[in-house]
């Protein structure tokens, strides 16, 4: 089916269908009849399991379809018209969402980043600069903070970093939103010390990514406190993000949160990435940055690029001013050990 | 899983998962690796099959997730900022999309309807009124025409009606857009004389509904002429409507357009609806309108409503001024003959 | 300067510059230095005078430039994204604002009207229909009510009608917004029983029109209760509606609210319109509707139209199905008695 | 009228009313009757004079009210939904318009700047980076380029810089838009070599600022080629930017473009600014940057700030990391030589 089928496929973490347990469960439940729009029992059961995993018994949970959609919908639901969303200049909403946030009427207030991360102090500086600006009423108010865990560069916020960000946000009554499109690969990472209950405690809203973490599609938006975003159901509908057959998302998340599947599948990906990282370093390749999750950003000179590209399907990331190229190697829940072996043999 | 499980479930046509052939195919292909965002071979194969079914060899085809999303994205892609979309006052975009069209900046120019349909002459009158209005530059220009086939009331445009609408639209260079969320149930209807090739010939864009016609989700947008909507891929992304695992939609539509499955599953629904309609009339129930597809709108007095509601899960439609209630009974590809028998026995 | 200068000019109420007292005051104050954006003393003085005239000592008042702009800004400031604005189907926002409300993301929920007016009972029915609709979360919530005083057809809401509307709005916590683009001509009308203090008491926001009532431009938005619309200054800026030289609007409204000028200039217009109405009826012309303010809508057959159009510049309103034309004759603060005489002589 | 009236007022260039010639002309023409919305003879005459001054005989010209409004309207009229506007990170649209561009659905693509200016090579790099990005369909396309002449920092693009920018834009079919809110102060500057005909030749659209250059308000948008922005009148209306009494803007621009008034009044401001700049340097003050037009950005330590602020009303610009403050001193067409003398005496 695929022109590149003879290459080793490491271009992204969404190249397969779904974890087999999800497909099995879709099969088993297929002919049951349920009401639409998330009012079904599967979705309700998934919500219960997620609340439990997050230790957030009153959390309000909605299932959306994809990441850009979820970001645009959540941000639009929480911002007022005169506010913008603070994000790393490399944040997904600032770069790779085709202007979806601006389409909703809001400015992305980009902050300098390091390895894809912003700091509590830079957020504090941004908010304080706004408050001290005598012309602030002519500018966009920082109205929420968006971060990704893991970031677009595969790096992680530590618990202390996240706590510091949360503290600043709470001090200024600014919601903190965590994009967890790849959250399984953070949770599974040995270097990670931020748990789901931590996220529920420290954020105003976050989502648990399904699309890139074993589901056919789907993102579970968690508002630890109910009614954080009034009329969110209608906002979701208005954004075209409401599934008629909401159960299809519900069944997937119910499965992911049964028997710790979500954590398990993250571990496979991170273990594979760790093996590849070690091999790259051993063979003298240069990593563009040090990231511990399922994404590896390797800096290749033209010869290396030509050589590896012939054998391995990687993701293009960016060209550097000195003529090199940053390519992304991504593992996933579906990565097979033998493919990792073959990749390492190519290096 | 469902509080209403002991009732007969006829509330909507999206209460089950997907046609078993679709789930089987998802299983078979699950671990194959493909590129994302619709660039996979399954999606390409689905496009080929749809082009063939539509006799539209150069059609441009995109797979989106749901109906409101598809309407909002297509309309936003084709309208300029000073234009609005002409629709029946009962059109889905005018009533049940939570303002998704206005969220995109566009006015819905509602026309009077009969049984959910608008006429070529009313569109002509609307366009001519605009052109003759000396103050037209202070008003919203009719910039496209939206109809649904079947309509929200289950009725059908005949080929001559559709041709007349198309003629008016072409005379004024206004795109004609057909919402086919339930298209399978139109195509399968004995009373229908509008084929897929007719739609491709007469419309500028239409979509083939999957969500309500046997798929887990998905709508196939068909532009019979390529580049009708420039940069449509990016517009889809901006609307949060781009699937990372585009193959999941592609596989579903490939299956639906293999061995005439899409037409077959429509026939089951219409046959079931025909049996119910006949029984309702025989038992003296009053239909709110005469519709030949898979939706039945029955007008119930309070006693009838109480009686039937106790046994049958129906969809609430509207209260009438004289104290009656219009309820919707919907059949689908999944409706079982024995459930139809039981429903008829309740009447 | 004007191709039609030999015709009698009755096409609109914005054909001259400003009341001479305004120009004089602009002259006198021209070289004084003030801060921008409405923080000047003239604007502050105008606000004080308007608060006094409205008997609303804590009212928050902003000066904007034009009517469409004011409607779009106020409506956007008060609605949340999931809400729409209820208005007469003939309301300015529903017809002649080129989709400015939809550009801001909101649907106009049009109600049937009579002589340009909606009723408390129709608003109540609309709100109750929303609340009782089981699918309401898929629809646009009625989030505010917009009326015009006088209406686009020159008619007036009586105090009892306005009170009834206000009662419904308050019962449901829905803001009531009165577009007073021609408010001077309502206030000056013998048939009127709604005063500025009534408006301040019964509405959540209204504006006092300047553009059509003697100013070069300008509309004074009055929120009887401060902070009704949070960050309104920034919303005004975002809508491009903030004047750098805010004083120019302030000086005009200060003048209009000194020595009862605003009421006086309305009286001239209404007296002139009354004379014309009486003459039209006496000569056997048919009025399209009975309106007591400065606008006269006359229904002309083709011969009458040809005859009058040759001598009098009127405003085109609409063609009727039976081949007649509704034309508008408008008087203003600037209408001269001799021009009224000449017009009457033409009839 | 003004709490600061005893201070020397140099905070901005919009502290007075209008040039006396404008007020005189408004007086003379006040009671003439003209049609609305810019269809009057004064506006037509102003358009003729501007076309002549720009040596652009077929230019399409519209009069809007203010700068933010004009930027938002022009940008929205020229961009398609998938495009953003390239601007200096210090550009007015990127900083001080309260998100008006994003409210219209578009992203500002901020480029690094030097002294408020961007370069042809940085625009080229931005456009080429987009074209070479394999993921470009997931990003915002650079759809137009926005610069200010003079910039927000009072600096000027030279003819060769502007030509280079224009060349890049034309090579890539990207419109070039010049914000001329303070254009009079560029045209009047001895250091300037960019004329109105140059702007008309090199740009796709620009505007001639009135608000900050001697008018009560008003910006003249010039499209050198007609129909550059289709249905621009309606877009203006939709943005709430259409004046009912369009003549008020027309009369002002007719006056500004009679007997070279627009250039003359710029000269007064620049001459005053030159005297102040020389005195500041002579007294040992540090300028934040070297700008030749009517705005002076002076870097003050806390003692200097306290001293000068007690006597001179300046505009706050920004705090620097090292504890100093950048204040703006602005002159205008209305600046009196004796006030300049007094300011210099305070230094």
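Quick notes on this structure:
In this document, chain identifiers A, B, C and D correspond to the written order of the chains, with residue numbering beginning at 1 in each.
The definition used in the following text is that a residue touches a chain if its C-beta (ideal position, glycine included) is under 8 Å from a C-beta of that chain, and two chains touch if they have at least 3 such contacts.
Note that this is a predicted model, so its numbers are computed, not measured.
When chain centres are set by their Cα atoms, the one at the greatest distance from chain B is D.
Taking B-C and C-D together, the chain pair joined by more C-beta contacts is C-D.
In whole angstrom, the spacing between the mean C-alpha positions of chain C and chain D is 32.
Measuring from the averaged C-alpha position of chain A to that of chain C gives a distance of 50 Å.
Look at where the CA atoms of chain B average out and do the same for chain C: the two points lie 42 Å apart. Contact with two or more other chains is made by residues 81-82, 97-99, 103, 105, 137-138, 234-235, 237-238 of chain B. Against chain C, the residues of chain B that register as touching in their complex are 81-82, 84, 95-99, 102-103, 105-108, 132, 134-135, 137-140, 316, 319. Within the complex, the chain C residues that touch chain D are 1-2, 4-5, 9, 11-12, 14-18, 20, 23, 26-27, 29-36, 40-42, 45, 65-70, 72-73, 97-100, 103-104, 211-212, 216-217, 234-235, 237-245, 247-248, 334. Of all the residues in chain A, the ones that touch chain C in their complex are 76-77, 80-82, 105, 137-138, 141, 230-231, 233-235, 237-238.
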